[in-house]
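Below, chain A partners chain B and then partners chain C, in two separate complexes.
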Partner chain A sequence: MNVRKSRQLAAAVMVVGALTVTTACSSGNSNSGTKPEASKSKVAATAITVGTAADSVGPAIAEPGAKKGGTVTMIDRDDFSHLDPAQVYLNYNSEASLLFTRQLTGYKLQADGTSKLVGDLATDTGTTADGGKTWKFTLKDGVKWQDGTPITSADVKYSVERTFAPFIKSGPTYLQQWLTATDYRAAYPGPYEGKELDAIQTPDAKTVVFAFQDVHPDANFTVAMTGYGVVPKAQDTKEAYDKKPFSSGPYQIAEHVTDKSLDLVRNPNWDPATDPIRNAYPDKWHMEFGVQSQQSTERFIADNGADKTTFSFHNQVHPTFIDKVKNDAALKPRTLEGLTPYVDYYYMNNTRLKDQKVREALLRAFPHQQTRQLQGGTSYGDYATNYMSPTVLGYEANDMYDILKKPEGDPEAAKKLLAEAGATGQTIVYAYNNTPTQQKVTEAIRVGLEKAGFKFVPKPLDAKTYYDAIGLTNNEYDLYWGGWGADWPTGYTSLQPVWDGRAIADGASNYAHTNDEAINKMMDDAVKIADPIAQGKAWAAIDKELQKKAYSIPDVYQRSLSLYGSGLGGVKFDSLFGLQYPLNIYVK
Partner chain B sequence: MTNPTKAPEADELGTADTLAPTDAASAPVFRGLSPGKLMWRRFLRDRTGVVSAAIVLLFILIAVCAPLISMIYGKDPGTHYGQEDVTLLTDSGLPTGPNGGISADFWFGVEPGLGRDVFMQLIYGMRTSLFIAFLTSVLTTALGVMIGIAAGYLGGKIDYFIGRVIDILMSFPSQIFLIATMPIVVSLLVASNESQPVWLPFVSVTIVLTLLGWMGLARILRATTLSLREREFIEAAKVTGASPLRIIFKELLPNLWTPILVQSTLALPAFVTAEAGLSYLGVGVGEPTPDWGRMIALAADYLRTDVTFLLFPGLAMVLFVLAFNLLGDSVRDAFDPKTKR
Partner chain C sequence: MLRFLVRRSLGALVILLVISMVTFELFFAIPQDPARLSCGKVCTPENLALIRHSMGLDESTIMQFWHWFSGIFTGRDYSVGHCDAPCFGYSFVKQEMITDVLLDRFPTTLSLTFGSVVVFLLFGVGTGMLAAHKQGKPADKIASSASLIASSMQIYVAGPLALYVFVYATDWLKQPAYIPITEDPIAWFSGLLVPWIVLSLIWTANYTRMTRSSMVEQLSEDYVRTARAKGMTGRSVFLRFAWRGAMGTIVTVFGIDLGTLLGGAIITETVFGLHGLGELAIRAYFDSDLSMLVGVTLVAATLIVVFNIIVDAAYALIDPRIRLA
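Then we have the complex of A and B:
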């Protein structure tokens, strides 16, 4: 026995010795000087303010050192799924639309990095005399389409009317519901049958008045969504408009080859004096699709040829390269890091997990540190304690379940809670997206939960049908991952769509099936508060209530780590969408 | 490299036992050698074959003794060492030590991400691969032998029917077919709300590989059987009234052992790679069962940042498949020295 052991050891040591020589080039990795728990930068919560009419006057705040000219390349994994404003709801579609679609209001990037809501096509962020039931917007002088015709209030009205059309399926639905009823498609069929929507009035060519059914104090944020961008009646090609929208912004589409490329050239009829948001430094934009994040990371690191003037809206640093990028001083000047508006949750299925003690046990047992490490560590996100993101107005941090103290999970405390509930050995069916990374994350969760005395049953789901499967109200899973980001940075869109019990339906975003009368009531009341600060407080209280009842497991506030080419200046991180921001980019 | 085609000397082939002159005291009788012994001698003279056989045996030994090695080594394949000891991996999951975290504790380094022991993953992964490959080889051989001999001996409509089935199966793009059928086989075998049992991926991979792996051997055996069927000894057996079963098992089968053995030794490494390929594509054996294909797939992502992690499963796989293929060649040469290559 002994002899064999020592021989085996000797052989193994020899093999190792030989291999060490061959791989001498691979050195160890280190944590770039910071503790794993510490996050990189403090988040400026409530960074968004509402600007005045003076703030809404163009031109945009110039980028120091910027000059005009040149072509900027953008590489990304996927083509924009939609370009028709009414269909745009995804963040990277919105980010690209900034270059050719304008809305009534928009977010102006300040010199200090914060954002301010200002009038884009409108002279200011709108006025309301009755606490938010009717909103009046006045259009600026000199705003034009790409063919030189002026943008009128009739265009704005038409743009909202066409969001009711049956072929518009993927855009936001706030205005439609507020103007008519929850089942807005039954109330108004869209403008194509010749009917107009009376809830929107256009007293003259410059004025639009929205008359809502109820009070909506933050409607000025709603009309900043790309989904409510303008579309001209004369150029509306219905479904085909999605491929090549007509420009109101600084650039117009020259060519769009689906899933391959999109080329933009200057729009000669755009007047910078009317636009407080957009700088337009490059002459051309060339966008290429089909580049995976591993590929784009390698290209940005190599920084060769045309890649020098390249950036990426959505592709982040591939997780395996994170240490390399963070430790490379040469890459530091062209690395962007920031907090996105997304919060990742592990939704508990509240139709199956009815015992609060069991849910608390799950919360305490969950191995946040292990799962985060598998997905990129601190660059993946900050440990979340709340349901609302720190980027949302009114956010109040509180660590009710000691997640920050024990991010690796507290199996002892969980065990005790399970014993109290008399549910030791409780089966947890965990559904996951069957990818190599998620398989490993599932392994980490399995070990964490089994330590706490749960029986863990993993269920792999196909990536394509993942959301469909967990979206069924009668699904047979107890726990599943999902993320949510606010549509505009107030508590309403951050919490209501996900945690309002009346929003439970197949495919709806209330994946946790929480239906708490008290919370529903609190939401109804919070919406009606006119003062943004007081409203923020009300949403923070709802957030706290959700935490108290342990309805789900907030995992992380998502972060983003991305690179761009060395030949570009003014590339910034857009914390509203969590992407790279195109409007200040110039070629050096 | 191998040099088995040298025309063998008559006495070397054992027509007379000149190799043992000390035996002269006992009567110098003419001693013939059985075909098996002849083959064994030829095989022993083939150095490549012997070395390959030694490597293959070593691999099999390691795989069989994996739990024992795990006991002596003091680690197991399932524990997430890197997540229990935060000094082993960086914040984003790369090993902190040089060369993929190779140290006295972790001989082959630490797996990025979950922080499992690479050495343990490797030898337990070998168990998975070998188990599936062996099982599949045995099953495909059995299927191939049965169907091949049946087609060749019975002939006629049955032969035609089997031949067309083989044609259809062989014209399938097997890799694509495997990817498409794996999830279906799994969903057929697992209940909707129970944990997937550990044996299930083994069984489903084996079933899928077997279904698409038996045709080659069947075709070869059919052809050989067809030619044997017309030979005198079969005719004689028929005339003496032997039953078809007796003819198949007692007369035909003994003459078919050579192609069967050669084909199945060559099939095994092919199944090892096929199994790894399935796992690489994400339809094979899943977590937490250690598996070579999945290790290589994961390691490919870390090619730039942790190349050591690719090295061990890659080398092990190349070495094993190469050794087994060379062994297969040597076995064929030993059985059938007339084949020129």
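Then we have the complex of A and C:
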């Protein structure tokens, strides 16, 4: 849940296969943060489509001018916390895993920059005859492990079964719960005790069938998660697998020294004809960790020696260099900027703030312009009006509280609402991460809320225990920051984990403790809609309902600004993960 | 001498035991939950409990300490395999045996320390002696002023500055990196040159000032005056008497400094992206990797204690007035 950067936004989200949906919104501002949102917004489109069997045939769409060979270096602050597919959840780990882990489905980058869900190991994006309760996938011919043995449906079944094992702690849990029950660990202990999971059937070596407890029409998106990538039984070393997974993709791991480096070489048994997603231009990848963003920015700007063929998945342009990077024409050709899937919220604690008018007053009073400016201005992100990100299927822009018109806050309107609620002088206990930036942000919020007639009580929290503290259901705060990004670009993972009342628990992601029966019901209905367009509309309606009830304060849709070396071509921004995308990179 | 070493070593063991207990208690008593960090994006209470159990965090701190402490001598079994003695525990964050990580990181810190120590001892002590010899003259004033400026520099200023000047803007020197000397001695040297320059710049200044003041003090001692009065040459007085007397202070400070540097130059390693013990410590702190933090702290403490014993023993060799009783 991090990433950032600038400019304007507007998104068009579509689904194809005969279907198209679009919406757009815009925001944007000068870095001075002094002018209100204007009409000069540029429109950048992100699009997700669902492809056909024909789209799922390899090879991937070639990058114009690309050539094979050479070594590409990747520098970043951190090593990948997990490489075992079952443990992978973070975008950073997923982006790297594209090079050596394959799933049943995946996202194919189109020539126009949009993405399409296609079959990766599977011949297509799966079929369901009962609205999403049973899903069938057929594996392609010629898909192999790095040792040349074929990838079979038994491998897919085993890979999902092992996600139930007790040592798998940090991956997604969707399929496990859908196949068994909410407490999936009690239902099935994993494959290591010799038991198989009957809910996954493999009638032959090419076919795998998932029988869920309920309908899940977007399960074809779920199996695109790295967390459901394949792991061969014969090579499964349980916990140790996390250090050196066995490859099903175009590269295999030559050496991995934790926190220091990761080296990849070609997997001779990967066949590009089976892979519609991955180009594999470089011969080798050398990844180095421990490089702070200030260092990487300076190295990219200097562009010396081996840094010419270097990029970074995750390191952004350091805030002190943003102006230089944005105003230097020479850097422009190797600057990447884009909208990430992450939305920043200021969660209102609905256990404490029960009066909707008080919550609306908070929404009206909140000084978005000042807080965003303190965190990097337009480079940090675009003002958010919705709970759903514009990168999510079905997004419909609304500005119910005039955030785009008055990003600096509207204290007069807030005062009026507070008076109507009979709550003038209402105390707001604001909990914040006690860092230098957040101290300044807190001061800006204090000024904004006090102008509107709130009594502001700041509560600094230790950065390391921040999420633990706000994650308690009986926490004693009214307002606190948090971010969220969808696991796949439909409304389900964008909204359900954060706003479903039945997900309230200590440490769970419903930080606002929103528990609206009508919204819970709308969510239950939305997940059952098989048609992606109709489902997108249903989630957009839920988004609107959340806005109407003023359950929290959406703040910004995060942006990303990054650089790479001049000796590389085909470096693109991956709006699905909000990082630099490796699959079209080549050495010039 | 032998009796002294045995006695001091036993004392050091007690000190290290106390340090390890305090460190362990301190880190494990702070209000944060390492299990939460391993729990993923959607962290259910059941999952959290499972992780706490697998990390042994559901045991009392005393039992956790006992398992950890006994593991140093007997080794320890984890679900990922056996950890041979001396086992400093297992990092659940990095999924690595801590002893293996420490052994992997130590050569980087050792190389960084070695190069900078050579430079700052040669230049620092040399310049300090020169300044003392030329006391009050222009050479002394220049050396003293330069050392004052250099010692007021901080690594986090000098480091990025040196990187900009020598690497980014001019491409004169190589981007700092550690390549084992056994693999490529030239790459080892060139990869560490910028960190050596920066680290030794600051330490050279400190040693210049310290050496100068010790020498000046020694030169005004009665025994030096007596030696001069007896007709010894200035060179003999300076090197055989005054310098030997000044060595006591320098060796004492150097012993502690060396132990500290070998324990990890946190800022230097972080600024230059070198994967030594210092960078490991700071990363472990930010990752809430308490087992790793305890391991690094104990290694750093051990190095300081050991070098203190060496310094104490070295006194007897340097200064005949001191007897190890």
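What we mean here is this: the second predicted complex is superposed on the first by the 542 of 588 C-alpha atoms of A that agree within 3 Å, B and C clash if a C-alpha of one lies under 4 Å from a C-alpha of the other, contacts with A are read in each partner's own complex, and residues count from 1 in each chain.
Criterion: contacts are C-beta pairs under 8 Å (C-beta built on N, C-alpha and C of every residue); 3 or more make two chains touch, one makes a residue touch a chain.
These numbers were taken from a predicted model, which means no experiment stands behind them.
When the shared chain is aligned, chain C comes close enough to touch A:Thr465, but chain B does not. Contacts of A:Glu239 after superposition on the shared chain: chain C is touched, whereas chain B is not. In the superposed model, A:Gly171 makes contact with chain C only, not with chain B.
In the superposition on chain A, contact of A:Gln294 is made with both chain B and chain C.
Within the superposed three-chain model, A:Val447 lies in touch with chain B and out of touch with chain C [touch as defined at top]. In the superposition on chain A, contact of A:Asp307 is made with chain C only, not with chain B. Touching of chain A by both chain B and chain C, each in its own complex, is seen for residues 294, 298, 462. Residues of chain B that touch chain A in their complex: 69, 72, 80, 83, 86, 89-102, 107-108, 112-114, 183, 192-196, 282, 286-288, 294, 297-298, 301-302, 304-308, 311-312.
Only residues 5, 8, 12-13, 16, 19-20, 22-31, 36, 294, 298, 318-324, 367, 369-370, 373-374, 376-380, 408, 429, 434-436, 439-440, 442-444, 446-447, 456-458, 460, 462, 476 of chain A touch chain B when the two sit together in their complex. Partner chain A is touched in their complex by these residues of chain C: 31-33, 36, 38-48, 50-51, 54, 79-81, 94-96, 101, 104, 160, 163-164, 167-169, 171, 175, 270, 273-275, 279-280, 283, 288. The touching residues of chain A, counted against chain C in their complex, run 89-90, 166-167, 169-173, 183, 185, 238-240, 242-243, 257-260, 288, 290-292, 294-295, 298-299, 301-302, 304-307, 462, 464-465, 467-468, 487, 497, 505-509.
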